[in-house]
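Below are two complexes that have subunit A in common, paired first with subunit B and then with subunit C.
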Partner chain A sequence: MKLLTTMMLAGSAAMLATGALAQNTHIDVAMQLEPPNLDPTGGAAQAIDSVVYSNIFEGLTRFMSDGSVVPGLAERWDISDDGLVYTFHLRSGVTFHDGTSMDAEDVKFSLDRARAEDSTNAQKGLFANITDVTVIDPLTVQVTLSVPTGSFLFNMAWGDAVIVAPESIGTAATNPVGTGAFVFQDWVQGDHISIARNPGYWGTPAVLESVTFRFISDPTAAYAALMAEDVDVFAGYPAPENVPQFEADPRFQVLIGNTEGETILAMNNGAEPFNNRLVRKAVAHAIDRQAIIDGAMYGMGTPIGTHFAPHNPDYIDLTGLSNYDPELSRQLLAEAGYPDGFDTVMTLPPPSYARRGGEIIAAQLREVGINAEIQNQEWAQWLEVTFGGHDYGLTIVSHTEPMDIGIYANPGYYFQYDNPDFQKLMATLNQTTEPAARSDLLKQAQTIIAEDYVNGYLFELAIPTIARAGIEGLWLNQPTAAIDMTAVSWP
Partner chain B sequence: MRMPRSLILGSLLTMVFAGGALLSFIWTPYDIETLAIPQRLQTPTGAHWLGTDQLGRDIVSMIMMGARTSIAVALLAVGIGICLGVPLGLVAAARRGSMLDEVIMRGNDLIFAFPSLVIAILITAVFGAGATNAIIAIGIFNIPVFARVTRGAALSFWSRDFILAARVAGKSPARISVEHILPNIANLLIVQSTIQFSLGILAVAALSYIGLGAQPPTASWGRMLADAQTLASIAPHVALVPGLAIVFTVLGLNLMGDGLRDLLDPRIRVART
Partner chain C sequence: MIRYMIGRVTSLCLSLVVASMVIFTVVEIVPGDPAAYMLGVNARPDTIAALRTELGLDLPTAQRYVAWVTGMLQGDFGTSYTYRTPVSQMVADRIAVSLPLALLALAITVVIAFPAGIYAASHRGRTGDLGVMGATQLGIAVPNFWFAMILVLIFAIKLRWVSAGGFPGWDAGLFKGLKALILPAFALALPQAAILTRVMRSSLLDMLNEDFIRTARAKGLSRRQALWRHAVRNALIPVLTIIGLQFSFLLAGGIVIEQVFFLPGMGRLIFQAISSRDLIVVESVVMLLIASVIIVNFAVDLAYAAVDPRLRTGA
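Up next is the complex of A and B:
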């Protein structure tokens, strides 16, 4: 007991010495984009999940930082032999932040709501195979699928599949009520969101008493805020050129993690001249990936040759199919009927990988005679004109959803790739649960889109998280967009 | 009579940048459209006099090409102001006190009432970023400046005897404006032009800085500054050079404007002799 008191005294003396009393129980986290609302089941913005995933809302299963899927609100589950019926056994004693209990009815409500006809869920595909959700007893729920879905437990870990309560979902956009280790406190738009420790949490309680998320979009301001120690953590630091400085500064630690972000030079497969495979192949060979990674990202990022994450065990390296070869590119253009190249438009959304990468790619394309006029677009404009309106030639964007190769089976998607063979392959994949067979199908899928040169595959986005030295428990990798603060602590 | 010192210094500074811009049409040390990423962020050396930027481009070449963009945009914007503002001012002075005079001058007041840079941002944001829209956006705000200066100066001549003589001789107000008024107020307009020109350079830089000016690969000083911001602690020269280019060009033009006024303004000229 005496020893404990001494330690506490020493501890408080150290705290007083640093002049930051609140430091041991509070962390200021900065992120670049502010979420448009706080309902992860009703919006596509990654920033929503960054704030609420695991902190406020939880699903039946959840991702860990290494990408593995572990039990969440479901303690365990049984899968029927035909792979069609999943029986989830929920944890007991879980309550929402408003005091109501979380039970099988809430699970049924959440899943039915997400897959309903009028659902605004951004990832309705996750729920497409569910035919029925039945409540067996308050802690048991049975989900029936139309076809065996190998990725079902993975799907249920997404931020779009979190469990919400019918009592509170109406106001979730501004006042999210979940089951997580943190309770939503307040949101001052344009400035910050505060969350505080949930004293009644069912699992291991959070170490921190409170966390504040701040929004700093400007890279220069981000640098200044960190250097001045105004923020303790910057998740997704936007200026990779400054990372070596933070690495050299003993006040900070730098975590460079994988993301699920395949950064691609998307081509409009539905319009001239990119509906011609030879043209797309020419573009692919005109791109020097390493120059883009070095020039735009200061070396952060892994080259990819297809739409798949390199850290996934099923990834195959297909970068050789589209190696940098401007001479070949010019030949291919001539073969395709464009010996003198052509003019096109390259729209660029705001992130620095796009704006900086775009300038470099435009220069590389000029070398082979393709004149890509750069048009900078804000996100809303990009979503409307490029993504929704298909009014573009080339664009650069990072697809940060995990395992999203299925988008190539949707001919209405913005790059308008329509290949019945690929669509058939994806349908087969969705019904395959046997791991070896799935792996084989995924490799085939990667090869098809790489050989069709659907898009220019650039690199897998790396995410630098910069934190004050000593802070522990932060996610290194980003299997999904999340700034999970539940296990984070000061030393 | 002695040349004002500010005119000499200002003209020299202006000529350095104007000369660089002209030279860039036939020669730059390096091609700025070719990137050399392995050679990026070099400090000044014999090969690259001012070093290289974040994409390995030679900064001297970038400044020369940027000077061309800045000068071209500002020049055309001032041109819009002169071509539309001066005739409007002459008409307003010739028909002073009439309804037309009121309409023209209150229209000018209306444009003046808007914060110019904010409207320029609005115009380029709505019609798309690019050099042409930047020229129009900046040019519009030059119109009322020239209209006012022209009208004010012209009014003081309309009551003079030689104008009266011209009227008695049967010349129309339009002919009087062009043949007698315009030559007499030309020096004022020249001085005003240099001032508007320097403001134009600043406006172009501001628009480019927020990404609404000339788009890559066209070089522009404002965007060079914006791109170099986060590099300020690693490679300060990348940000300093375009910043200093803007400062010295604007300083040069202002000094030149001052000197020209000293040289051309009849009242000051009388005072000095």
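Up next is the complex of A and C:
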């Protein structure tokens, strides 16, 4: 018995020792959703990018936390005067994790694969303007576009545009092989994914030796895991109600960052009664944004008045166009021919901004006589019924793709906004590469949709990250879904 | 006995066939296209069509049903749409958590319920009995996820004896594995133990009123001897039924507990698969669970026959 106790003591001492040692070079990161697979070029799930973006896979260009686009695997590039030919000069000495070298052939393979007819890339639109990819020499690749595309370098920074190798892409779903600062180690499905520092990385090597991503979907469990110090970082902490508790606890730091998620009350512009601008304007004035931010998001989120991220330099504040004014809203409804209001259906996907926000909005709409019947839908059902089938009146969703105002130029998109002027403006924007002109066009675009009251613009989704005090280098903002661990370290 | 067996086996097979049809139909009817879900809101229609072809979703429903059933008969449960791994492998990984968890919870249930039930029955109406009955009342009333949260608060956050959740895998060692399962097992077991205690007690009390106990007492056995030698064994039949039901529940019904402790078990697999419309996983896993329930019931029927000689010879 005595021996056993001694052994146990020795054992726990050893465990403590490894625990302390591991703390300086290892971080456990928790996130809410588990990625379905690890191939960022074959699915839309944000959880895939959260794990692999920048850590495992890299593209020609990449996003920084502030949303800027900087050189990635392409060291620099030349753009022809007509804006149609991009010549990328690749970094030399870059290798994939399996030891094969990354060269122009891999770039050609990746881009051609993404735009191929049978491609299953969720953002195939990013590659739509590419007409040709030519290898000039092993470190130079030339991409030809059909029309000048101002956002091309930005597009190439997306997780869906990362550079992959033909040798390894077939098994990327379960064994991703990229060029990043971390190498994929193992994945115990349902529990965790481990990555380890890439000793042969071409750039600044990662500080951490290893990172484990854990998947904790239940908000209560998320709280417990942080409090028990089982995880060091929780990216996208799902229980905003107890964020203040972490703020008050010296063991933790709370980062509240921006995302690219414009959270909107979408209206079905293609059907009665929301095909009437007056009705849409009435809805917009019936909504008290701050009440929704406070009530549904516990104060996290920036009010928006149009479909554009407030942290973007080209953003203009148009919230005044749709200030909270229920009296005006009732007048507008009467003017539109609905003096007694009307009944409609509001479909709500699972995230809490939608489910909680939906209850508040329904109550606010009732004040002006609009009776919105709430229908909760799972994502798959929402995609089929609301998004694909256009069978809804109102819905709440956060559009998390960066710089996605272009969706308003697609009349077949689920809110069915069909304005030829706007479509023309977007076409012009796509062909404009000059920054000042682009900025001007983007501002015009924001104003058009705000003045047309296409949707109810609620707030920019915030993302709380909770981390142990002292951890440095985490992304504050989420210009794209990513938990970039390449520069993260313990103090 | 043979006729009894044939009857049981026939009903087992019929149940499985009907179950497979119901599952497939229900899963197919529910709206939601797995390919559209995977590709998200910016996907183009031709991309979704390409993925549907790749996944085999463009084939006619009847053809897919036949392919699914024949595959299962050959031990092939298909390949997950989203994870792109064989369903059989995923299930095997998850069973490695769920089955030990269910067994551990069942063991805790039995270890608590048997003595408590026998004690309560033998002390009927006295303070001890009232105490046990009060405790079981509480055990049934408290939802297991709430109990789980209390356990986490005490043992993971305050005392730091165990992790708040997660599973290190059996590779990390038997001790670490069991350590990760002990709190969830207790959380799962407590309400079940409360139920089983009450069943054990009332079943025993029924037996104690039977003629054969009076006879046993009349031939000179003490109350205690009669209880242990005759009543307990006979009281086991309803208890076995409940244990069979509880095991099925523990195996499949741990979804909430698996969420609270973020364990990679079967319940969580089904939950994820349903929300991502990973139809083949939902179909195959639910089918496996139903099969296991049906087979456990079959085993319980056989156990009745073992405990009760009348079933063996009578039919």
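Going forward, the second predicted complex is superposed on the first by the 472 of 491 C-alpha atoms of A that agree within 3 Å, B and C clash if a C-alpha of one lies under 4 Å from a C-alpha of the other, contacts with A are read in each partner's own complex, and residues count from 1 in each chain.
The definition used in the following text is that contacts are C-beta pairs under 8 Å (C-beta built on N, C-alpha and C of every residue); 3 or more make two chains touch, one makes a residue touch a chain.
Model, not experiment: these values are computed from the prediction.
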Query raised in the report: In the superposed arrangement, does A:220 touch subunit B (first), subunit C (second), both or neither?
Result: both
Query - Touched partner set for A:360, first subunit B, second subunit C, both or neither - result: first
Query raised in the report: Touching A:122 in the superposition: subunit B (first), subunit C (second), both, neither?
Result: second
Requested in this report: Mind working out whether A:375 is in touch with subunit B, subunit C, both or neither, as first, second, both or neither?
Outcome: first
Query raised in the report: Given the touch rule stated above, what does A:239 touch, subunit B (first), subunit C (second), both, or neither?
Result: first
Query raised in the report: Which partner does A:384 reach: the first (subunit B), the second (subunit C), both, or neither?
Result: second
Query raised in the report: When the two structures are overlaid on chain A, which partner does A:294 contact: first (subunit B), second (subunit C), both, or neither?
Result: first
Query raised in the report: So, A:228: does it touch subunit B (first), subunit C (second), both, or neither?
Result: second
Query - Partner chain(s) touched by A:192 [first = subunit B, second = subunit C, both, neither] - result: second
Report task. Please determine whether it is subunit B or subunit C that touches the greater number of subunit A residues. Result -> C
Report summary line: Footprint intersection on subunit A (subunit B / subunit C) at 220
**Report entry** Partner subunit C, residues of subunit A touching it in the complex
**Finding:** 34, 36-37, 43-45, 117-125, 173-174, 188-192, 214-218, 220-221, 224-225, 227-228, 230, 350, 378-381, 383-385, 387-388, 399, 401, 404
Report summary line: Given the complex, residues on subunit C that touch subunit A span 30-34, 36-44, 46-47, 50-51, 53-54, 82-85, 90, 93-94, 97, 149, 152-153, 156-157, 160, 163-167, 169, 259-265, 268-269, 272, 274-278
Query raised in the report: In the complex formed with subunit A, which residues of subunit B make contact?
Result: 33-35, 37-38, 40, 54-56, 128-129, 211, 215-217, 229-234
**Report entry** Touching residues on subunit A, where the partner in the complex is subunit B
**Finding:** 219-220, 223, 239, 241-242, 244-245, 291, 294-295, 358-360, 362-364, 366-367, 373-376
